[in-house]
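A, B, C, D and E are the chain letters, set down in written order, and residue numbers restart from 1 in every chain.
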Amino acid sequence: MDIKAYIGLSILLFSIGIIGVLIRRNAIIIFMCIELMLNSVNLLLVAFSKMHALGIAHGSPSLASDAQVFVFFIMVVAAAEVSVGLAIIVMMYRNVHSVDINFLNRLKN
Amino acid sequence: MLGTYITFPELLIWFPLVAGIFSFLIKKDDSVKTWALFASIITLCISLGSFFYTNDINASNVSYEWLTSLGSSFAVGLDGMGRLLTFLTAIAFPIIFVATYNNKYKNAKAFYGLMLLSQAGLMGVFCAMDALLFYFFWELALIPVYFLCSRWGGEKRIQATFKFFVYTFAGSLLMLIGIIYVYQHTSVRIEESGFHSFRISDFLAVQLNMQQQSWLFWLFFVAFAIKMPIFPFHTWQPDTYEQAPTSTTMVLSGIMVKMGLFAVLRWLLPLFPLAVARWDNIVIGLSVFGMIYASLIAIKQDNLKRLVAYSSIAHIGLMCAAIFTRSDTGLQGVMIQMFSHGINIIGLWIVIELLEKQTGVRKISELGGVAHKAPALTILLLVIALANIALPLTNAFVGEFMMFSSLFKYNVWFATAAGVSIILAAVYTLNMVQKVFYGNTNAVTENVKDINLSQTVILSVIVVIIFVTGLFPQPIFDLTKDTVTSLLLRFG
Amino acid sequence: MSNVLESVWVIPIFPLVGFIVTGLMRNYLPKHLAAFIACSSIFLSFLASAYVFYIVKDVTSNPAAIHYFDFINTGALHIGFDFKIDHLTSVFLLIITGVGFLIHLYSTAYMSEEQENDYAKYFSYLNLFVFFMLLLVMGGNYLIMFIGWEGVGLCSYLLIGYWFTNNNYNNAAKKAFIMNRIGDLGFLLALFWLIAKVGSVDFATVNAGIAKLSTFDVTGITILFFVGATGKSAQIPLYTWLPDAMAGPTPVSALIHAATMVTAGIYMIVRSNVLFSLAPITMEIIAVIGLLTALLAATIAIYQNDIKKVLAYSTVSQLGYMFLALGVGAFSSGVFHVMTHAFFKALLFLAAGSVIHAMSGEQDITKMGGLRKKIPVTYITFLLGVLAIAGFPFTSGFISKDEILLNVYNHNKLYFYLAVIGAVMTAFYMFRLLFLTFFGGFRGTHEQEHHLHESPKAMTIPLIILAVLSVIGGLVQLPHVFGGHPYFSEFLNPVVKTVEHTDPKLAMKEYVLLIGTIIGLAVVYFFTKKNYAVNKYEGEYHGFKKVLANKWYVDEMYDAIVVKPLLAVGTFFKNVVEKSGIDGFVNGIGKAVNYSSRQVRLLQSGQVGAYVLLMVIGILILFIVQLFL
Amino acid sequence: MSITTIVFIILSVMAVGAALMMVSAKNPVHSVLWLIVVFFSISGHYVLLNAQFLAIVNIIVYAGAIMVLFLFVVMLMNLNVESEPMKNYRLQLAGVISGGSLLLVLLSALMKVQSTPVQTNDGDVGLIKKLGMVLFNDYVVPFELSSILFLSAMIGAVVIAKKEK
Amino acid sequence: MNAIILTAIWGVVMMFGGVFIKNKATPKYLAIAGLVLIFLANGLELNTGRALLNIDVKDMLHTNSFNLTFIAVAMGCTLLFFLLNGRDVEKVGSHVSEYFALMFFVLCGVCIAATFNTLLMLFLGIEIISIPLYILTGSDKRNLKSNEAALKYFLMGAFSTGIMLMGIAFIYGGNELASFFIDNIKIGEGKMPVLLSVGLVFLLISMSFKVSAVPFHFWTPDVYDGAPTVFTSFMSTIVKAAGFFAFVRLFENAFGVVHPQWQTLIVIITAATLLIGNLTAVFQQSVKRMLAYSSIAQAGFMLFAVFALNEKAKEGLILYSAAYSLATIGIFAILIKMKDYTVDGFNGLAKQQPLLAITATIFLLSLTGIPLTAGFQSKFYMLMAAVQDGHQFWLVILAVLCAAISAYYYFRIIQAMYFKEATAEAPVIDDADISKGFKILLVITAALIIILGVYPQILLDWLYHSV
């Protein structure tokens, strides 16, 4: 496979994530779109790792593994982030009974 | 000998500073007043002492390690021009304090403390021999004045002062950029830690091409033009003069505007000779137009304070124009006129303050006939007002004569146009004198009393200075001769 | 001798001391003491001046300036505080201190009704004036001269506005000062020009360095000097202040606005005669301006009803004659006329003051009449003054004016005829004045009539002295034809070269003039007596007379052409340019910041979606910049 | 066209299609489910790239734990209705346009990248053993530090969830 | 290293403290004690280079005098913050100990962000900073504004995390050395490869987000406004400074060679930040929100460090961090005590509490950049750095003009304090709230600002202290 294909796919998914953030009002869905963005990054990293595995890192595969470890850390962080994020969303929901970000307009100007 | 362990420029800066800080600690209003007066007189003595113990060869240049890694140092010195202007600063404050001795200020300790601090800042500006230090003092002189005006001023003081503050602040920041730029081009002094330098001598050694100089010229000039102020940067001035407490206005108009002129002489002119030669016509044009412009407005002005403000703009315009003629005569004229104008305008403000105190009115049209009630005041004012319009034998005449003379040599038409302002100055001054002092008394002026002893004394002191410098200006020329000569050397 | 001359500083010091003492002590000095100090200081000056005259008389060369101290001594400019005492100066010194003393003396009585401190103030001003006037004529360079020049202007201002309660008087004072300042600007510019070209304002140095000046320079400098002279000496176009200056006390008018200050312009030109001689264009201009002024002022004087105004216009007119004389190169004649004019015009003014005194302050001649019996001394002296100014043969006026006319005749015949017409008009308005005041029936109120009285001795004695001088003062320059000798012009010879009249027809011309004068005076006498020695006089004029009575509406014209537009520009600057323009711009920046602040903060809409959208747009822009630009 | 390419295309279409469905689904529950589909297809990609460890972790952590958490919250909030209000049309359009242009900009720039092969169905960089070695040899410090992350997440959950007294 | 370990440990200590300590006041003292310890330990490392534990970090963290000095500044400021605002933390909610624990974790993240040497560490550091902050922002649970701020912060923060990761991915992909180490990125002399270029922009954007540079600043005002004021003070100062430090560290080490190729982006961002930050601050009525915008405006100046990336810039950054943090912490400490957060709420403060007014004035003057305050020195260094760089002179001029605008909103508070009378009868501040210790601390803060203004060398000399 060509790296371009992976780049294209990742960018596409990433953009879909961004568009999702832009057009949705539900905080949970927005958050999910962000998760999609993270996943596209993961995919790209893995693809790059495999690309480097053929190229520069051919002799020393640990270099290529770095990216996959990185992906692992991304997942770790994402998990932590999700727990906090959902806690915040729930807290919000408890107070205003909505997760619609359009109602977040007490702070402005 | 005094001056061995601590030199005069240092004394001139530190003494008012310490005295000002000390003022904040005094509890009683009356004693702080006395203290401030006392301190200012001591400063005056120090300044007088500097005439005896320093000269241009031994200009008391001292320099302490300060911001070493920046190449800046606490370098101060007193050349002829510095001595003249520090003397002006030193003599102005006692005069101001005595003249306003009867005023009761809320929170007097802060008032007098800030006044002394501003004096320290001004002294610093006149003594600094390091660009960064100069900038520091330039701003430091401003801050106390800001507080003084905003706290003790008139009705619209906050807006007016703030306009003044932001205006000058913006200008000085532009200058700061210029300073940094020049600094970057100073040669690295390897023997001393390998940094660039802010020292004036190193600044003067910088070689810049025409384009660089032009940019820098305008960066500096705008800062100074705002301070002076020169048309069209002057609009803060009438408002501020009107709103500020009169004693602060005296500082502002008597000394602070000289900062701008001084800065042009000390920094702008020697640093950018090429650009000065290139842009002098524009600057002089602005100055001359400003003279006529301000004079015409002054004629139509009904507010005493604003009238004096506009008259000041006109006078400063002439000084600025004369500076840029870059001739010996013009520069010497500016030197003496800086001193004279400071004295005269402080005298004017004292009179205006006395009037306003008594009548509560500063509209010319509402006053009248004061001469009946206060003949002594009238006569003293008349002398000061006439000095202000440069009548011969008063101090301003010599300076204006020389400045006009140099302007004439520079360009006949500029001189002629500027000369018109001599006539206009007579018009507005005499108008003012006529409407305020002559004619019949009215309800407002009915209860005006003549000045008391201390005021008579202080105004008389001013009048004496006016006549003495008017008749014997030569000592001042001798004082500033070397400064002028070395300035002119920059232009070959 | 030189030692004596070096001590001439005492001459101006006396009045200066007088000024300081009377000025500072004005609240404490009793009237007679103030008067004594003031008069004695002038008298001492007069004595000193006389002594100086006595010394200078024997000097034939042109004495050098006396240097006292460096006034301005800088790299490029060296001006000393110098005095120069020569023949010209000594003449002026005598005039100033002599006439000045008489007028001081006169004032002691004239001003006696003033309050004590005002009285002292008045004398201190007078003393100050004399001081500056002395400085003016003694100055060894143009700058010192200028100091006096502006100083006398100041004193003129102070004295015109002496009664400062009256707003009109104040306006007059202000007008005088400002008009003078316009002239002073010319003077100053001339000085700057000299400094720029010659590098000095020293009389001697300038005269020595004249070679450095091109014709253009000389013409320009002299024209500018002349502009200065038109201001001080009330010539077209700057003459309008002088009639208004009559607001001051009458002795002041006599001293400042007739005898001394207004002649400063003549002094200055004579002092610079070397320069002026090299500038024929300027000379011609001076002649024309002088002539025109003489005629214009004379026409106006004809229909003035204020006794002092008539005299004021007469002064302007006479000054015109002096300039005419200078313009045609007859410098010494000009100076001579200055002297005679000082006598008779001071006399006329003082006599007029006496009349006014008698009339309890009334100045309108239409309300006078028939006073000759009531105040005979005044009448006689006034009559002598009128005869002198009208040029009655062998009075001082006749001699000095004749000399001028002859010189003019030699220069340009048209000028001559016009000048003669002016002389006739002079006779006309003076006789009109005489008749309206002293002849016919009294036209004032009963109260005034009841109050009429001759003035005290202190006033009449100066009148008498001046009257004598007016009559015989001209004899020092009596032409050879009438058996005299031009002592005066001889005396001035070291300073100004007298024009030698080798005209063979000179004697004939002198006689023609003499006869013409007699005839003319006779005609004028009878005509005016018929018309003006009347019991009733209508002070209203119509038609062309009204134009004359209203001074050709020159003041109104100046107001419309200069004053109003300037004020309008001032208003425009103040209200439009300053407020809306510059300050508007400055405040506009503030407002713009405020406005944009209000607008920009709307970006902060509070909506996360909008924020992210804006961020994405930002990302987009950055990418485009980075990747494609 | 090799089998790898075909699998790639299928997985890609699946991922993109599911992503689009996720973004556009009106019902939040559907969105969650679609996202799980995306994750599965991405895991498929991992398998294709022979990144076995990540493929498993992705399924377990993402599709399993995280998405269940999401589902849980959505259910908890009773958001499983089809009537979620959408943003107004213009904002949506603006979002799509700007997101789309970003995509275009990036694509047009990145497609100029030199073609480089990616190792598929082979290589040991993604194997558990290999990654384990790297993780616990070279990446111990970050590994330990990430515990702080979890600690703070934990405290956060406590702080936020616990009722104020 | 010492600081990282100790902050982490102390976070855990505080966490357990929450379980065992029931007294509300005690955690504060514990936290202060810990911070003193950390400060000293860091000082030890800075002074002697001695680490308490010898851990092989595989070069993923890199300490030198520069970042140790920064950590010292950050810890010092935090110490001051704890001392000044310790009691206010207690007022936020019942989980006092936990708040402190979270703040320690943030500090740990700050240390990581200051010392990172790989993109992974950068990422972890930033996340360790961010996640506790989300929580702290929302810690005032029943306050809807706090909730809203937390959610906004979280959503946008997560979004920026995604962008940062994308950038890291591209950097890794474009790096022919296949490395995440920032000093191990092969760029070459000529134009950057497009992958690196894209990655750089993504990183730039995400870092800009963290330092709230326009147009990625939108979260800042809302979050700073909504968060409990004590935490606003904390995150707008120390955390923000750390963001800048990371920004400079990343771009200097990774992309310093191709500086000219991305300078334009910084210019755009800097100009926009200066303009928008200052302009928007002008109109704010709430001082808290104004300070939020002011932090954006100040960020504009700090961006000059990234713009210039020279020695002066780095010195300036340290100085700026200290100056800005001190002044902002000080002004926030006073703001917290105010009854009314609007500008008018400050009316007449000078009469009631002259000392507070004077110190507040010094803080505001420093923020404006008046000479002899630390604020001036820092701005001065930044301007010097920019002028030294020699490009884009107009940006410098824009900056000083904006500084003049900034005087407008800072001085409004001074005007309110000194030149206006209190409108209401009630005092503007509760005198009982102002303890002597608090005043002393304010004076110390003000004194530090002046000292740094007069003699910045005492701080900057540490930069050249060999570890």
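Heads up, the rule we're going with is that a contact is a pair of C-beta atoms (placed from the backbone, for glycine too) under 8 Å apart; a residue touches a chain by one contact, two chains touch by 3 or more.
In this text, all values refer to a predicted model and were calculated from it rather than measured experimentally.
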item: Required minimum of steps from chain A to chain E, each step between chains that touch; value: 1
item: Pair with more cross-chain C-beta pairs in contact, given C-E and A-C; value: C-E
item: Closest chain to the centre of mass proxy, which here is the mean CA position; value: B
item: From chain C, the most remote chain by mean C-alpha position; value: D
item: Between chain E and chain B, distance of the C-alpha-averaged centres to the nearest whole Å; value: 42
item: Separation of mean Cα positions, chain C and chain B [Å, integer]; value: 38
item: Whole-Å separation of chain centres (CA-atom averages), chain B against chain D; value: 70
item: Euclidean distance of C-alpha centroids - chain C vs chain D, Å; value: 102
item: Residues of chain B engaged with two or more neighbouring chains; value: 166
item: Residue list for chain D, restricted to those that touch at least two other chains; value: 87, 91, 94-95, 98-99, 102, 106, 109-110, 113, 138-139, 142, 146, 149, 152-153, 156, 160
item: Residues of chain A touching at least two other chains; value: 3, 7, 17-18, 21-23, 25, 30-31, 47, 49, 51, 55, 57, 64, 66, 69, 73, 77, 80-81, 84, 87-89, 91, 101-102, 104, 106-108
item: Listing of all chain pairs that touch each other, if any do; value: A-C, A-D, A-E, B-C, B-E, C-D, C-E, D-E
item: In the complex, chain C residues that touch chain A; value: 601-602, 604-609, 612-613, 616
item: Residues on chain A engaged by chain E in the complex (per definition of touch); value: 3, 7, 10, 14, 17, 21, 27, 30-31, 34, 37-38, 40-41, 44-45, 47-49, 51-52, 55-57, 63-64, 66-67, 69-70, 73-74, 77, 80-81, 84-85, 87-89, 91-92, 95-96, 101, 104, 106-108
item: For the chain E and chain D complex, residues of the former touching the latter; value: 4, 8, 11-12, 15, 55, 57-58, 60-61, 93-95, 98-99, 101-102, 105, 108-109, 112, 120-121, 124, 127-128, 131-132, 134-135, 138-139, 141-142, 194-195, 197-198
item: Contacting residues of chain E [partner chain A, same complex]; value: 120, 123-124, 127, 131, 134-135, 138, 141-142, 144-145, 147-152, 154-155, 158-159, 161-163, 165-166, 168-170, 172-173, 176-180, 221-222, 225-226
item: Partner chain C, residues of chain D touching it in the complex; value: 87, 91, 94-95, 98-99, 101-102, 105-106, 109
